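Chain lettering (A, B, C and D) follows the sequence in which the chains are written, and residue indices restart at 1 in each chain.
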Amino acid sequence: MTITNYLVLAAILFTIGAVGVLVRRNAIVVFMCIELMLNSVNLTLITFARSTGTVEGQVIALFVMVVAAAEVVVGLAIIMSIYRTRRSASVDDVNLLKY
Amino acid sequence: MGAIEAPDLSYAALAPLLFVFGAACTGVLVEAFVPRAVRHPVQVAIALVGTIGALVATLLLAGTEEITAAGALAVDGPALFLQGTIAVLGALSVLLFSERALDPARSAFVAAAAVPAGSVRDRELATSERVQTEIYPLATFAIGGMMLFTAANDLLIMFVALEVLSLPLYLLCGLARRRRLLSQEAAVKYFLLGAFASAFFLYGLALVYGATGSVRLSDVRVAVVTEGGSALMVLGLGLLVVGLMFKASVAPFHSWTPDVYQGAPTAVTAFMAAATKVAAFGAVLRLLYVAFGTADWTWRPLIYALAIVSMVVGAVLGLTQTDVKRMLAYSSIAHAGFLLTGVIGLGPDGTGYGLAATMFYLLAYGLTTLGAFGLLTLVRDGDGEATHLSQWAGLAQRSPLVAALMSFFLLALAGIPLTSGFTGKFAVFRAAIEVGAWPLVVTALVASAIAAFFYLRVIVLMYFSDPAPDGPTVGVPGLPTTIVLAVTAAATLVLGVLPGSVLDLAEAAAVFVG
Amino acid sequence: MPVDGLLSVTWLVIVLPLAGAALLLLGGRRTDRWGHLLATGTVVAAFALAVACTVALTDRAGRAVSLDLFTFIDTGSLDVTAGLLLDPLSAVFVLLITGVGALIHVYSIGYMAHDPGRRRFFAYLNLFVAAMLLLVLGNSYVALYVGWEGVGLASYLLIAFWHTRPAAATAAKKAFLMNRVGDVGLALAIFIMFAQLGTTSYAGVFGAVGLLAGGTVTAIGLLLLLGACGKSGQFPLQAWLPDAMEGPTPVSALIHAATMVTAGVYLIARSAPLYDATPTARTVVLAVGAVTLLIGAIAGCAHDDIKKVLAYSTVSQIGYMFLAVGLGPVGYAAAIAHLLAHGFFKAGLFLGAGSVMHAMDDTVDMRRFGGLARRLPITFVTFGLGYLALIGFPFLSGWWTKDAIIEVALDRGGWSGWLLGGVAVLGAGLTAFYMTRLMLMTFFGRPRWEDGVHPHEAPPSMTAPMVLLAVGSVAAGFLLVAVFPLSGWLEPVFGEPEEAAHLVSPLVVSIVVTVVVALGALTAWLYVGRREVPTTAPARVSPVVTAARRGLYADTVNESLVMRPGMWLTRALVWLDARGVDGAVNGAAAALGGGSARLGRVQTGFVRSYALGILGGAVLVAGALLAVTA
Amino acid sequence: MSDVPWLVLMIAVPAVGAAVVAALPAAREALARQLALAVSLLVLLLAVLTTIAFDPGGDRFQLTTAVAWIPDFGVEFALGVDGIALSMLLLIGVLVPVVVGASWRDTPMPRPGRPARSMTAFWAWLLLLESLMVGVFAATDVFLFYVFFEAMLVPMYFLIGSFGGPNRQYAAVKFFLYSLLGGLVMLASVIGLYVVSNSQLGEGTFAFDALRQLEIDPNVQKLLFAGFFLAFAIKAPLVPFHTWLPDSGAEAPIGGAVLLVGVLDKVGTFGFLRYCLPLFPDASRDLAPWVLVLAVAGIIYAALLAVGQSDMKRLVSYTSIAHFGFIALGIFAFTTEAATGAVLYMVNHGIATGLLFIVVGMVIARGGSRQIRDYGGLAAKAPLLAGVFLLAGLASLALPGTNSFVSEFLVLIGAFPTRPVFTIIATVGIVLAALYVLLMYQRVMHGPPRGVLLVDEDDAGDGETLRPASGTGGATAVLEAPARARVLAVRDLSRREIAVVTPLVALILVLGVYPQPLIDLVSPAVEATMTDIGVDPGGSTPAAPGSTGTGGTD
């Protein structure tokens, strides 16, 4: 398997994530799609680390995971608070602010 | 097995960062151990010490040019200048946060964010004197992230800094005491879109890494010179730019700006509008000038286009806004466009006036917009700030001073001479024309003429129309807000009338290392 | 040649009446009591001074003094000096203006005795005299232009003197505007002189006429003529003069009969060196004179308003003068002579008319007069003499001067000579007709007065000037032609009058003319003298009469060709400016606003659409960059 | 004497005055206006002293002051005047006190159910405006000029916006945005100029004298010229950039209108002469025909529009547009005579139209309406008012003997040799000028009494009802006519009003009879400008072969 396959796979995953953000309503799911995008990037990084024969890629991947984890904490907190108020996690319900 | 040598850290050069992050961590500890009664003053004190200390440090460091932390951080002119700017804006924002005289409940921030909005508990908390103090460490972390952002000499650090500055902001946006639904909505939107955008940034990082085998800006430059811009790298650059432009709220990545600016607590909006822009543009400048400065053919057309789109969108959409906060949000989009005009002004091989001009503009705009938003917190009605335009009618008769101050800030934003706004515009336009981008400048000027209309509309309302009988009241600000307004107004005036010294400073600082 | 003694203060002639005017206008009510006396005094003094200066002028080589007073405008290569030129020509006019002016001032003392605005009236009158003097005394075309517009202003003020009457106000405006049209011509002529010769002074221009291309001179000549037509109520700008009769009668006498309206003649006579160089322009002058002569005479025949008749008569008489000056050197002297004679008898006639109106409670409709000879003996006699002088009764001034013009016209020879001569003779006949008609309707026949009118002779202050003018009307022609030939006096200006070989002997001419005049008078008698004059103008009349009554449709033409289109154009432009130009501005603003509102709809408030926007932007950016690199 | 910084004083004094007046409590209106009068008179004195200190034969720019301001941009706070600028300073010095006098009794337009507002702010803005106007003419640094140019908008904006007529908001915003747009486009050119100087002289500068030395590529010149031109064409309004003026002129309080049309708009024509011609000679020469088309079109077009106006203040504004056409014609005809005429025109128009506006304001103050149709027959009751009205009108139709004649005559006779066709068309304009002036005069002053000033016999007697409009906004309020009425209740000029108009009347007549001193003051500067664009400053040479003319000798 050449590295291209991995890159393409990662790209596909990234796209799936991005599209997911666009099509899914539930905030949690949207957020998960974003996580998917991040992880596809991780895959890309690992692949490049391999191809370029450097370690940064892998290190960065670790960083990304940590950051992602932090993001989860903050994100879920926010989503929870609004869910409590509105009894709904649909991102389409939050559009008081517009135009 | 050779011994692992620890990376050299020149603590002196990192002093500003250390101050702020130190303050932030201390803040967290304070939350844990200091009794609630005294937390507020303590937290404010710590935050101020951190930011002001950072400011002092940057001033002392002026002139240093070194790469440290194993090349991950560059402490150079631009970094220090922008860090100083952020420190100033941060300190002022902290002061705005700490205002306790205006809101009857003595704080603009929700007492307990976890309590569902509108619930019984929420209602009783809303009127209670209990105040939120986590905001200070959060804000301090954000400030630290921003300062790190401008000094990041390495895409990874840039990413980390991006997150460090974003995450606290997401939270801060949701902490308004009044109109909590809007506030929470702002937080959700900002968070989801911010995370989305940072994913793009990250993917761009990955691609650049793949193309050059490194995320160090200097290495990237070398690679660009040797291999020229490969498709992979250019794609990476593009995605990096997208991530940064999102933070800088440049159209077409601006869509979150109006909503978030309107929903967030005004003090936080002020902080975001002023400081975040500085940080984001700091990163943009460093990325484009240091990493891709030798391959400007790749990004110049892109930035050119983005500048025009941003200016036009900001100016035109601002015309029909009826909410002052939202209007200022669009104005900030337009200003992002003007700033990009300065970014264009990078001359051949690193010369050119663009860097200095943009940095000056950032300082000037940051202070002015901070003042403008700060002023919004004074005009209030039954439930919090009165930000609808109609409520501002005839304000000049209610409170001449506020009206005059607001007019002054608006004229500065419109770029009328003798205000900092004009000096800044002049600087960036000059930079752009020097590299022959006069069509861009003409567009910018027309855009600012259009934008002038909605600034003017507020002035017309305040002065030339009659106040509504049940109009808002103008609160008497406490010391903190007063200081903020005084400082920002004075700065706006001084930078307009006698900008010489600051311009010198910017020009002296306008050299990147690495 | 140094100017010393009396002549060096010639400027006083102008300054005296001007000072009078200023004093009366600024002095306000304080001067109400004695203002009119002061005004009259200044003019009389000016007359005395003028006489003295003229006398001093006679024993002076070249009979001319040019007096540079101060630098008016000096920039670049343009240097206009405010200066005066007193030479035989201007001297003659100065005497006429101050002389007749003085008499009419005296007359007005009585005429305006009961008018609340008497002070204002005298101030304007003085202002006019000053401006008119400047017009004739200036030594450059610019100075002339200044006076030219000055008299225009004075005329405006005086026509509109009774400004609460809409008719008066309108007439004044009309007069000023039609004059302005002429002024454009005059101004352009001056511009050409400067552009071509770099000077506007008489000396400079006349000295360099030779350098000008033929076309240029013709252009100048025609433009000057346009100016002259405006001022002198000549075709095609004659329509304002009859309306100008809305002004007080002394004004009609002084400005619209004796002096101002003859300024055109002065201008052309003064510009003789130019016209000598352009036969074309001169021919046009001839034509204008001939046409106007007839228009005036014809229109005069049909009007019942005594002042309007006299006004048309003035138009026609000035036509004679234009005809004369149009004939060139041979005609100049004749023209000036007729001008002076006309100044006397026409002023006399107007004053007479004024006296009649004074007696008839300001009625001007001759159909309501009749049989006044017995009630107003002095007026009748003086008026009669003026009348005889005008129609050219043998050995009265009109006879001398008008016959001279007719002779010169005939002497031109060729078909044009016969034509012009014929026109002139015909004009004489018509003049006799309408003047006789006027005399008969006014002084003879059965009284047709409105009830409650008790005619009474005017006070001496009014009759005295009339008498003097009557004397002038009788004697002037004889003196000017036979005793002190004017041609001789004017020689320094117009050069040696060559002794024309008469094609038709003067005797024959005057016999023919006299016969024609007699016929005209007889016809008039047949019409109005023999039978009863209806007190209202008959409605059913021949088209000719209708045309004549309407001044040969001059107003109609002006209105349909200029006024109405102008008004339409104005309305159209106002609309265009509001809707078009300003509309574009406001439209652009509105478009921006609309676009803003529409664009704002994109900001739907849905996170996912925002995300779409970001993704789209990212794709665009990536695509663009790839395009750049690839 | 010339080492005193006169110009700095002329800027500082009114600025300080403005600050002091602004600091006064709203209640102290009387004190405020007395202060305003005192300060403006002091400025007049300064202007006179400046003129005495100025030596017409001396250097081009005199009484210069130069202090480094923003060294990074090479900006200097550089002041200095040539004859042209000085004449404008004199005009300012004369007009402002007159305006103060004319606005003495003005009050802000009353708003239903609200207490009358204080005029203190009006006086403060007025003084600030004066200071900035002085600055804009005295600046010899293009950047400084630009700063004043834009800053000037603010006080005028507030003068119109808070003290104007019923439609003041629209007018104020339109005025501000229109001028701002022009100014911003000019800013592009200003920066461009700076960049050029930077590349040619090594270091960027805005000093007028330095910039004049630049050798700019013709195409670049055209671009830069366009930027400046647009700004000035909007300021001085040339058709078709004029539509803001009628609105502003009509809605502004009389005082504001006088300064707006009398001085502010002159910045445009001044700019043509001071900046467009010397800095971009080639572009000026190439584009002159197009400018002249605008100018001459404006003369006719605006005059016809003036004829069609029913609102006196709009009418006067349109006449000004026509006059600006004459000024532009004089400037772009490129002869010394015409340019001198144009400069004189700038001064004379300020005086004549200023007077016209003031008199119209006095009429409006009596009748409370701007509509011509609401008046009639005033001359019978108010002869002085009518007389001054007529004189102002005659001055604006350039009747010989009034100051305007000299300037209009110079413009036309000077433009004729180089631009005969344009001049001929322009000359037709003088007929239209007579038409619009006399139409307005006849309708307002002549004819039988009618209109809003007719009141019933019995209440005509006492003084106060004689001024139905007393206490209506800057003489701009609209008042509906009393129903049945019989006698004309109008007062002739009061002492104050006489004092206000007298200086202008005197100037009109004096400058009309003896303009040479003014000409001597400005012609050196004009000749210098002509030299800049490569025209023989000696004036046009006679066209007729062999004609020597009489240039300056006879």
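Operating definition for what follows: a contact is a pair of C-beta atoms (placed from the backbone, for glycine too) under 8 Å apart; a residue touches a chain by one contact, two chains touch by 3 or more.
All figures in this text were calculated on a predicted structure; none of them were measured in a lab.
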Legend entry - From subunit D, the most remote chain by mean C-alpha position: A
Inset, instruction - With contacts defined as at the top, give the pair, C-D or B-D, that has more of them. - result: C-D
Inset, instruction - Indicate, using Cα centroids, the chain positioned nearest the centre of all protein chains shown. - result: D
Inset, instruction - Compute the distance, rounded to whole Å, between the mean C-alpha positions of subunit A and subunit D. - result: 66
Legend entry - Centre-of-Cα separation between subunit D and subunit C, whole angstrom: 36
Legend entry - Geometric centre distance via CA averages, subunit D-subunit B, whole Å: 45
Inset, instruction - Averaged over CA atoms, how far is the centre of subunit A from the centre of subunit C? Could you give it in whole Å? - result: 96
Inset, instruction - Note the residues in subunit B that touch 2 or more other chains, in rising order. - result: 188-189, 192, 196, 258-259, 453
Inset, instruction - Note the residues in subunit C that touch 2 or more other chains, in rising order. - result: 600, 603, 605, 607, 611
Inset, instruction - Please set out, as single numbers or ranges, the residues of subunit D touching at least two other chains. - result: none
Inset, instruction - For this structure, give each pair of chains that are touching. - result: A-B, A-C, B-C, B-D, C-D
Legend entry - Residue ranges of subunit C in contact with subunit A within the complex: 600-601, 603-608, 611-612, 615
Legend entry - Residue numbers on subunit A that touch subunit C, as the complex places them: 18, 21-23, 25, 30, 91-92, 94-99
Legend entry - subunit D - residues contacting subunit C, complex: 174, 178, 239-240, 242-244, 301, 304-305, 307-309, 335-337, 340, 377, 379-380, 383, 387, 394, 399-401, 405-406, 409-410, 412-414, 416-417, 420, 423-424, 427-428, 430-431, 434-435, 438-439, 442, 445-449, 514-516, 519, 523, 526, 537-554
Inset, instruction - Spell out the residues on subunit B that touch subunit A in their complex, using ranges where they run on. - result: 113-114, 116-118, 156, 159-160, 163, 167, 170-171, 174, 180-182, 184-189, 191-192, 195-196, 199, 202-203, 205-207, 209-210, 213-215, 258-259, 262-263
Legend entry - subunit D-facing residues of subunit B, complex: 411, 414-418, 422-423, 426-427, 429-430, 433-434, 438, 441-442, 445-446, 448-449, 452-453, 456-457, 460, 463-466, 498-500, 503-504, 507
